[in-house]
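Just dropping this structure here.
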Amino acid sequence: MDFEYLFELLCSGVVKGSIYALIALGYTMVYGIIQLINFAHGEVYMIGAFVAFIVTGVLTLSGHSGLTVLLLAALAAVIYAAAYGYTLEKIAYRPLRNAPRLSPLISAIGASIFLMNFVQLVQTPDFLPFPELISDFDFMEPISRYLSSVDLIILIVTTVTMIALTVLIKYTRTGKAMRATQQDMIMARLSGINVDRVISATFIIGSVLAAIAGVLIASRTGQINSAIGFTAGLKAFTAAVLGGIGNIPGAVLGGLVLGIAETLGAGYISSAYEDVFAFGLLVLILTLRPSGLLGKAVKQKV
Amino acid sequence: MAATKGEKLLEVSGLSMDFGGLRAIDNIGFELFAGEIVALIGPNGAGKTTVFNCITGIYEPTMGDVTIHPPGGTCRRINGMKPNSITSLGMARTFQNIRLFPAMTVLENVMIGRHCRTGSTIIDAILSSRRSRREEKETVDKSYRLLQKVGLADVADEFSRNLSYGAQRRLEIARALATDPFLLLLDEPAAGMNPQETHELDELIVRIRAEEQVAILLIEHDMKLVMNISDRIYVMEYGKEIAQGTPREIKENPKVIEAYLGEEVHA
Amino acid sequence: MAHFKRSLGIGLWFMFLTLPLMVVRVNTISREVEWRWYNLAWAGLCAFVIAWFWQFSIERRTARRAQVAANPHPAVEKLSLVQRLADDPVLSRRLLAVAAVVAIIFPWLVSTGQNFYHVNVMVSALIFVVLGLGLNITVGLAGLLDLGYIAFFAVGAYTYALLSKNFDLGFWTCLPLGGLMSMLFGVILGFPILRLRGDYLAIVTLGFASITKIVLENWDTLFGGAAGIANIPRPEFFGMALDSRQKSVYTYYIVLALVAVTIFVTNRLKNSRAGRAWMALREDEIASVAMGVDMARTKLSAYALGAFWAGLVGVVFAAHNNFINPDSFTFMDSAMILAMVVLGGMGSILGVIIAALALKLLPEYLRAFAEYRMLVFGAVMVLMMIFRPQGLINNMRRKYEYDTAQGGKDNGGN
């Protein structure tokens, strides 16, 4: 057995998985609070990537380059993704807070289709090349076979983001309010928490994470188009379910497991069927253990 | 279906149910005989509804036995059976937090109860076979008769979501009766009813026992209703059984009075 | 005034939201930036107008709900025109007869000699009517949100293409086989996943459809890969040779008959033991099983039956097009069929037919609309859920006939 090849795949799987985990966090946080699969979450991620693309495009063509461009683009992506996530919740989900369970889900699917086609119409349905903004670091040269410079940045950024998220949820007022709302929305409201604001905050945080993921993936794969949100969203959702939906460490674990499984499958069996492994894993996990790896089985209240 | 009076219908022993690390009910045992109305009472959170859920197959109990003796049938242990199989064996229930089919008419709600007593397939329905036509007619007739019995015949074609609270509770009873049960489990049938409605319900339950030949197991907070119609009462607190006996015995039981301290024991 | 201010604010907010996406377009090949400032004005204006309407609609919705809550038994229920028509048996029967006659003579009205474009368009539209009605069984009646419905359509289409290519089987042999094959797929897939909660089911069916498409694209030796399968024979007509116009007209009648059969079957099922059980499960699963409905079997039957129609019409699709490839079976197609069911009103046969015809024919004849088609569908799904979840046409419940004299309160029945 070729261990070097295996190690290469594992590294690539972890990088991929950590990005899935970032997107999965958005699904899991929203689901934890309002039990809704935010189907349009992948679209928010795609919009983040597009805004980053546009900002970099404008800046590079006017002669700027390097790290400043990347930071500005990432900042714009984060702001816009947050704005879209916030607006999306206000329009498509808030009026359906007390509706039958399928209604907000169908609304979410509609919103997803709308956003995807909106971007396709006002921008382009074609693939666009995403500029290389992260130059190769010299000290990465010896191990570049396993981990490129972009990969290193991805790992650092995702780790920092996740630590920040943990701190936010554990120690801040908003975080505490979010946890309270997740446990019992009615009790949270009775104890003076503005539940609407908490839900908005959740969407904003989730969207920010998605936008970061969007910029990272775009700089890794080097191209974007209006349909990337769909597949990435579906996979991130798989990751969230894999780890146990509603469970934040679970989303991270699920993302990593999915990333590794997918790369191994693609590396050893066939790369054309990469997506099949992801969805196959989803079907398998939902059939055998619907509560996910870290989730607790919840008894439905009668 | 008719059971001779005094024949044992349901036996529960050593029943326990854990949720995670929490023991919701602990070592509950009781039995129920043909023709009886038995009440299960206790403060909120005592685990009464959980007992119902264990008996009707919504939950699988952690420990213990639930055995039923259908009149004229063989006795069976039903732990872990699917709810619909238990219903076909002859136990039917209502729900504390009304669970009707809101977008179906009142009559259709009752007709669902006939589902397990009929057998027309999809093919029958498409071809409108003789069997399907016969069963449809029987289903409609029987369901309508049950609506008359609970006093809802004049709203048979309304959507069930348009009914008042009390009427919805009576509709749940009619729907449960449509499954031809020998044992009817009522989960707080008087909750949310005004005194007049409660009084009518009191009569309805007694009448149902006589006319439909069902035994009734009842969870209820309205002590007047419970004391009026029950033959025997079991009292639960914090998942444990603390007393049993006739209404008179229960009323005088010091443990029960203590458990209900703060809550009034009427009548 | 408050409305005006809020709408103004919302307009400005949307100008901010759409600023990068609608205004800037970076052309990476010519390395130019295109600035489309006029779009910003449009976005602001549209958002302002929509926000205005939106606020009125939400207020009306709240008021209506409050009214219903205050008085659950309105003495005179407001009925829409369509509903009053449908409640009148004589009139509705006449309308039905007229519709049937128009449908039957349609090919002779619109096609002359070599021009049979309209017939072909109608065949495609009717195929989607059948798909809509099929999905209506699964989603509308049984409440199982299937986002991968198009996969069953693909199974039917590929069944016919492969059987005719490899075993020389004819259309009429393959028609039932395609349906059965889809149904088999439905059962195999449905068995493990139907016990999942509604929203998980949606995602798994979506994943299943994606898998199907990937397999079709990559298994070149069997399915022809991305290029698909060509030269699929048209339906045969007692061994007679038909010219291409006759073939189209013939296919039109086949699919029209299929529509009729679907309507007939759905109508029978809606008011049957099985149909009521589906609806009960849709409304409340726990109450249904407690009333003796076998959840697994009932769900599986709805799922498999929905799959059956998709497979059946998939065969017709393959025969009509002569050629199939995986591009005809994307998520957007599944979404479009779902939009038909949502727009038409879940469970309502007439509603789904109207919605399917509208959604399929409008883009065909209004080319300007075609571009914005999916955008509009997405928006429609959101708006319908918020303002009219019951769809354009309410699903009407049949009133059963019963003998009011029988039994009764006083003599106690039995």
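Residue numbering begins at 1 within each chain, and the chains themselves are lettered A, B and C in the order written.
Just so we're on the same page, a residue touches a chain if its C-beta (ideal position, glycine included) is under 8 Å from a C-beta of that chain, and two chains touch if they have at least 3 such contacts.
The structure displayed is predicted, hence computed values, not measured ones.
Taking the CA centroid of chain A as reference, the farthest chain centroid is that of B. Legend note: the chain whose CA centroid lies nearest the centroid of all displayed protein CA atoms is C. Centre-to-centre spacing of chain A and chain C amounts to 30 Å, using the average Cα coordinate of each chain.
The centroid of the Cα atoms in chain A and the matching centroid in chain B are 47 Å apart. In whole angstrom, the spacing between the mean C-alpha positions of chain B and chain C is 40. For chain C, residues that reach two or more other chains under the stated contact definition are 286. In chain B, the residues that touch at least two other chains are 58, 95.
Multi-chain contact residues, meaning those touching two or more other chains, occur in chain A at positions 302. Residues 72-73, 265, 268-269, 272-277, 279-280, 283-284, 286-295, 301, 305, 395, 397, 399-404, 406-409, 412-414 of chain C are the ones that touch chain B when the two sit in their complex. Those residues of chain B that touch chain C in the shared complex are 56, 58, 82-84, 87-88, 92-93, 95, 99-105, 107-108, 111-113, 115-118, 120-122, 124-126, 128, 132, 135-136, 139-141, 144-145, 148-149, 151, 153, 156-159, 161-164, 175-176, 178-179, 207, 211-212.
Those residues of chain A that touch chain C in the shared complex are 36-37, 47, 50-51, 53-55, 57-58, 61, 76, 80, 83-84, 87, 91-92, 95-96, 99-107, 109-119, 121-124, 128-129, 230-231, 234, 237-238, 241, 270, 272-273, 275-276, 279-280, 282-283, 286-287, 290, 300, 302.
Chain C makes touch with chain A in their complex at residues 13, 16-18, 20-22, 24-26, 28, 31-33, 39, 58, 61, 143, 145, 147, 192-193, 196-200, 202-204, 206-208, 210-211, 214-215, 217-218, 286, 331-332, 335, 338-339, 342, 371-372, 374-375, 377-382, 385-386, 389.
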